[in-house]
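Take a look at the structures listed below.
Two complexes follow with subunit A in common, the first pairing it with subunit B and the second with subunit C.
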Partner chain A sequence: MKIKIEHLTKRFGNFTAVDDFSTTFEDGELIALLGPSGCGKSTMLNMLSGILPVTEGKIYFDDDDVTDVSPDKRGVGLVFQNYALYPHMTVLQNICFPLEIQKMPKEERIAKAKEMAKLVHVDEFLDRKPGQLSGGQQQRVAIARALVKKPRLLLLDEPLSNLDARLRLEMREEIRRIQQETGITTVFVTHDQEEAMSISDHIVLMKLGVKQQYAEPQELYNDPANNFVADFLGNPPINKIFGVAKGGNFELEDGSASFPFELCSKVAEGTKVTLGIRAESAYPVATAEEAAFVGEVSSTYAMGKEELGYIKIGNQEFRAYIASELGYKKGDAINVGFKDRGVFLFVTETGERVR
Partner chain B sequence: MALFKKKATNTNAEVDTFKSPNKLNIEPFLYLLPFIIGILIFTIYPIFNVLRYSFIEGLGHPLGKQLAERCTFILTDASAKGCDLTWGLGNFEYVLKDKYFWSALKNTFQYVLCVVPVSTCLAIIFAVLLNQKIKLRGLFQTVFFLPMVTSSIAVGICWKYLFNYNYGFINYLLNTFGIASVDWLGQASMNIWAVIIYGIWDIMPMTIILLLSGLQNIDEMYYTAAKVDGAKTLRIFFRITVPLLAPTIGLVMILNTISCFKVYSSIFPLFNGSAGITGKNLYTAVFYIYNQFFINSKYGRAAAAAVLLFFIIFAFTMFQKWFQNKVSN
Partner chain C sequence: METNEKVSLLTRIKRNVTLGKVLTYVFLAIGALVMVWPFYWMISSAFKTQLEIVSFPPAFVPNSWAYLENFKIAFVKAPFAKYFFNSIVVTIACVACTTFTTILASFAFSRLNFKGRDLIFSLLLSFMMVPFEMVAMTNTTTITQFGLNNSLLGLIVPFTTSIYYTFILRNFFVSIPDSLYYSARIDGASNWQYLWKIMVPIAKPSLFTIILLNALTCWNSFFWPRIIITSAENRTLPFGLYAFMSEGGTEYGPYMAAATIVVVPMIALFLVARKYIVNGVARGGLKG
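Entry: the complex of A and B
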């Protein structure tokens, strides 16, 4: 099912949790709602499920306007952060419950529930209570319960945040597998960029209730719309060098260094700009002619074949990978070249990308 | 003594308390002592004394029987004052053969078996309603808990008027539904029902408070989850609220059973003065004990009845717990 969101806004009193949000989620995709804590991810999800009424804007499921449709009529399956499995019911009863509400005959619903339990691999635990299951197993039961009524849209609110690191890796593959097997359009909330990058078809990145970018994971990384997006994605985090655009040159804030940088000519003279450089996009080159600028190695850390080094330019530092066989030591001058990819210029004040 | 010694060698006794966790430190017990003494004198000692009295059959005393009985009541060690005590099971035998004891028990059971289930069911409904996000919720909650803070004598007098044969509100209600007036307080066979109705009302606020606290412990997300799946109010109530509230319901029922078995003081204001007269229907187990003790001055029999009542309540509560465990599994 395709989901179209138009100018969606949610205000609590005079606080705006989601601000003029428009986007379209394609049918059958796994979409991650990504953003720091408090940016309005759960609020978005709850408006999609219908638990929260919207303040302004419209939500369409395919071509139906569901903005004012109650949650039970939207055909959404919801997985809560704490799973919300009914503690007094067995796994089977939990999965059956949505069908019981639909007054499906008992045998039929048990058959359906068992089938769903098999899909998420909890068919061994049908007679256990949720309290007797591990976090990962509870998680699967919650997904089974959300899927059993064949929802048109599956919503998961931070489904993995309660699990330990290992299980989290395992379960995110599981979610991907289940989503692909069922083909249900799925929106899941996370504040973990790696989680979002690894399993989703598209990512919506939010900040303070405002959509920053909606793109495929790799695009989000390679072509960030603004400083915030570039900052939020990537490990190690993107390097930032602060400076001023002067006559097509990038000059460090205190004037301690300056080098030509083409994009600097696209902004007004004297604009404060930030150079964002991914660690893998700056590399040592042989001659000063090829280099973007000449820096100084301030420290190196062995990291297997490559070394993660700190390079100093003027009085600012940034991280870069340096092949260890080149044998750079602390204090050496280094010619730093930029790759085409992974080097961005932003207007410091607005965070806007200069292209 | 250890405490004082320690104080002599250590300027800071408190530090010492934390330094030597293995040594028995009597200081905390000293702080508890006043409370422990109170409990010992006013709770523990009387309990054992009742048990002891229940086995004292007869007394011989140079000053005469009447005085001797008073002396066992007032002085703890009657034999030291020259009383000859005869020990035995005579008191139990008398009580168990006494038809008034059995009728008192019958009334008590009737009271318990009516008040506890009805008040619990009503309280669950009211608690769930009070737990809704409704307007004036605070006002409603206050109104429901008012009986708890109102003097029971004042409340009793109010109920006396509600039950009044000629101009009571309850009969007025019955009349509007075409039912003839009932002489709640005058007609002996109706007395117990008046007491039961009053008892249900009396026990509700406390029950509602306990259930409300249980309800507030149920996470909102269960309701949200059920609503997203399209569950309606009644299904949510029976399939989610009640099962999740079951532990609190069980607790409330046991507490209420115990307190209903001991029904006594709430009956007084309804019948001002004429309550608990032998042979009348509102005669309950505690009245039997009271009458044996204060009216008949048969302390042994009163004690024996009290011991029997204790075991009945104990057995009933145990049965209830067993039953609840069985149901919850």
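Entry: the complex of A and C
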């Protein structure tokens, strides 16, 4: 099912948790809702499920306006961060519950529940109570319960945050597998960029209730809409050098260095700008002619074949990968070239990308 | 090796058995004896002949536990079977109604959002301060106006709700995580279905406690029946027992037999239900 969100806004009193949010989620995709804590991800999800009434805006499931439809009528499945399994029911009863409410005959619903339990690999635990399951098992039961009634939309609120690192990786793949096997449009909340990058078809990045960018994971990384997006994605984090645009040159804030940078001519003279450089996008070149600028190696750390080095320009530093066989040492002058990808210019004040 | 272990076990026991602990157990034992003794004396006397009862030194154990003469006398002299039946009817009706209204009210006060909810709730709580003797006066007027004087219904109607139990159950309901409610709603359940399929089963231990306390209160109720009931056939057991003692003869045995009839059902109920309460509390904890 396709989900269209139009100018969605949620206010708690004076506080705006989600601000004028518009986007479309395509049918059958796995979409990650990504952003730092408190940016309104859960609020978004709860509005999609119908738990929270919206302040303004519309939500469409395919062509139906569901903005004012109550949660029991929306046909969505939701997995809470704490799984919210019914503690007095067995695993089987938990998974059966949505079907029981639909008054499906007992044998049929047990058959369906068992089938679903098999899909998420909890069919060994059908007679246990939730309290007797591990976190990962509980989560899979919660997913089975959400899926068993064949929802049109599956919502997952930080489903992996309670798990240890290994299980988290495992369950990540599991969610991807289940989603692809069922083909149900899925929105899943996370504040872990790596998690979002690794399994989703599209990512929505949010900040303070405002949508920053909606794109495929690689596009988000390669072509960030603004400073915040570039900052949020990538490990090690993107390098930032602060300066001023002066006559088509990028000049460091304190004037300690300056070099030609084409995009600097696209902003007004004297605008404060930030140069964002991914660590893998700056590399040593042979001659000063090919180089974007000449810096100085300030330190290096061996990391196998490659070395992670700190390069100084003026009195600011940034990280770059330097092939170890080049043999740069601390204090050497280094000609630094930029790759086409992974070097961005932002207006410092607004964070807006200069293109 | 073996002896070594024994020695260490012994010293461990010695170390653990401090004077404080000994005193604690002695006091607990005395306390238990003081509590249980009157009950034992009552029940055992019910099986004694008049001679045994007045004999000195007193007999601690009746000659024969099969001596049922006292019960026969009690049943002949007063309609204890009828009293018993009345008590059962009134208790079951009161407990059933109170439990039902308590569940609904607790749900409303914990889950539904309506204007003035918390104000109404605190107002209700403040009514708990009003002593029953005061309410009894107005209740008498009301019941008389309803024409329910001297009827079992008159014993039931004023006791179909309870602020106190609502308070207890509401507090338990409040502790059930919101996410369970939202989960159930998304699973398609209505408020009504959520209440009966999720909340009530989770609250079973609390409900058991409430039902038990309530049953005990209803069964032992004396003050109110004395005001409302005027004819013998509508008496409940405690009132019937009281009447029996003031109307009956001088023999001690039948009194004790009658008192045993009043008390034993509740003791039995407690012995049976105690297991469920303990089990329920142990299992009912909410995880995650």
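Rule of thumb we're sticking to: the second predicted complex is superposed on the first by the 355 of 355 C-alpha atoms of A that agree within 3 Å, B and C clash if a C-alpha of one lies under 4 Å from a C-alpha of the other, contacts with A are read in each partner's own complex, and residues count from 1 in each chain.
To be clear about the criterion, a contact is a pair of C-beta atoms (placed from the backbone, for glycine too) under 8 Å apart; a residue touches a chain by one contact, two chains touch by 3 or more.
As the structure is a computational prediction, the values presented were derived from the model and not from experiment.
Peer 1: Is this a clash or a fit when subunit B and subunit C both end up on subunit A?
Peer 2: In the arrangement built by aligning on subunit A, the partners subunit C and subunit B clash.
Peer 1: Report for A:Lys149: first if it touches subunit B alone, second if subunit C alone, otherwise both or neither.
Peer 2: A:Lys149 contacts both subunit B and subunit C.
Peer 1: Is A:Ile51 in contact with subunit B, with subunit C, with both, or with neither (first, second, both, neither)?
Peer 2: both
Peer 1: Regarding the shared-chain residue A:Leu167, is it in contact with subunit B (first), subunit C (second), both, or neither?
Peer 2: The answer is neither, since A:Leu167 touches no partner chain.
Peer 1: Using the touch definition from the top, say if A:Phe97 reaches subunit B (first), subunit C (second), both or neither.
Peer 2: Both: A:Phe97 reaches subunit B and subunit C.
Peer 1: Touching A:Met1 in the superposition: subunit B (first), subunit C (second), both, neither?
Peer 2: neither
Peer 1: Applying the document's definition of touch, where does A:Val354 land relative to subunit B and subunit C: first, second, both, or neither?
Peer 2: neither
Peer 1: Is A:Val210 touching anything from subunit B or subunit C once the two structures are fitted on A? First, second, both or neither.
Peer 2: neither
Peer 1: Of subunit B and subunit C, which one touches more residues of subunit A?
Peer 2: Looking at subunit B versus subunit C, the one contacting more residues of subunit A is C.
Peer 1: Would you indicate which of the stretches 41-49, 59-67 or 77-85 belonging to subunit B has clashing C-alpha atoms with subunit C?
Peer 2: It is 41-49; the other listed stretches have no clashes.
Peer 1: Overlap of the subunit B and subunit C footprints on subunit A, residue-wise?
Peer 2: Comparing the two interfaces on subunit A, one with subunit B and one with subunit C, the shared residues are 49-51, 71-72, 76, 78, 80, 82, 84, 86-89, 97-98, 100-102, 149.
Peer 1: Okay, in this complex, where on subunit B does subunit A touch?
Peer 2: For this pair, the touching residues of subunit B are 219, 221-222, 224-231, 235, 239-240, 243-244, 246.
Peer 1: Under the touch definition given earlier, write down the residues of subunit C that touch subunit A in their complex.
Peer 2: Within the complex, subunit C contacts subunit A at residues 177, 179-180, 182-190, 193, 197-198, 201-202, 204, 284-288.
Peer 1: Quick check: in the complex, which residue numbers of subunit A touch subunit B?
Peer 2: Those residues of subunit A that touch subunit B are 49-51, 71-73, 76, 78, 80, 82, 84, 86-89, 97-98, 100-102, 149.
Peer 1: For subunit A, which residues are in contact with subunit C within the complex?
Peer 2: On the subunit A side, the touching residues are 46, 49-51, 70-72, 74, 76-78, 80, 82-89, 97-98, 100-102, 130-131, 138, 145-146, 149.
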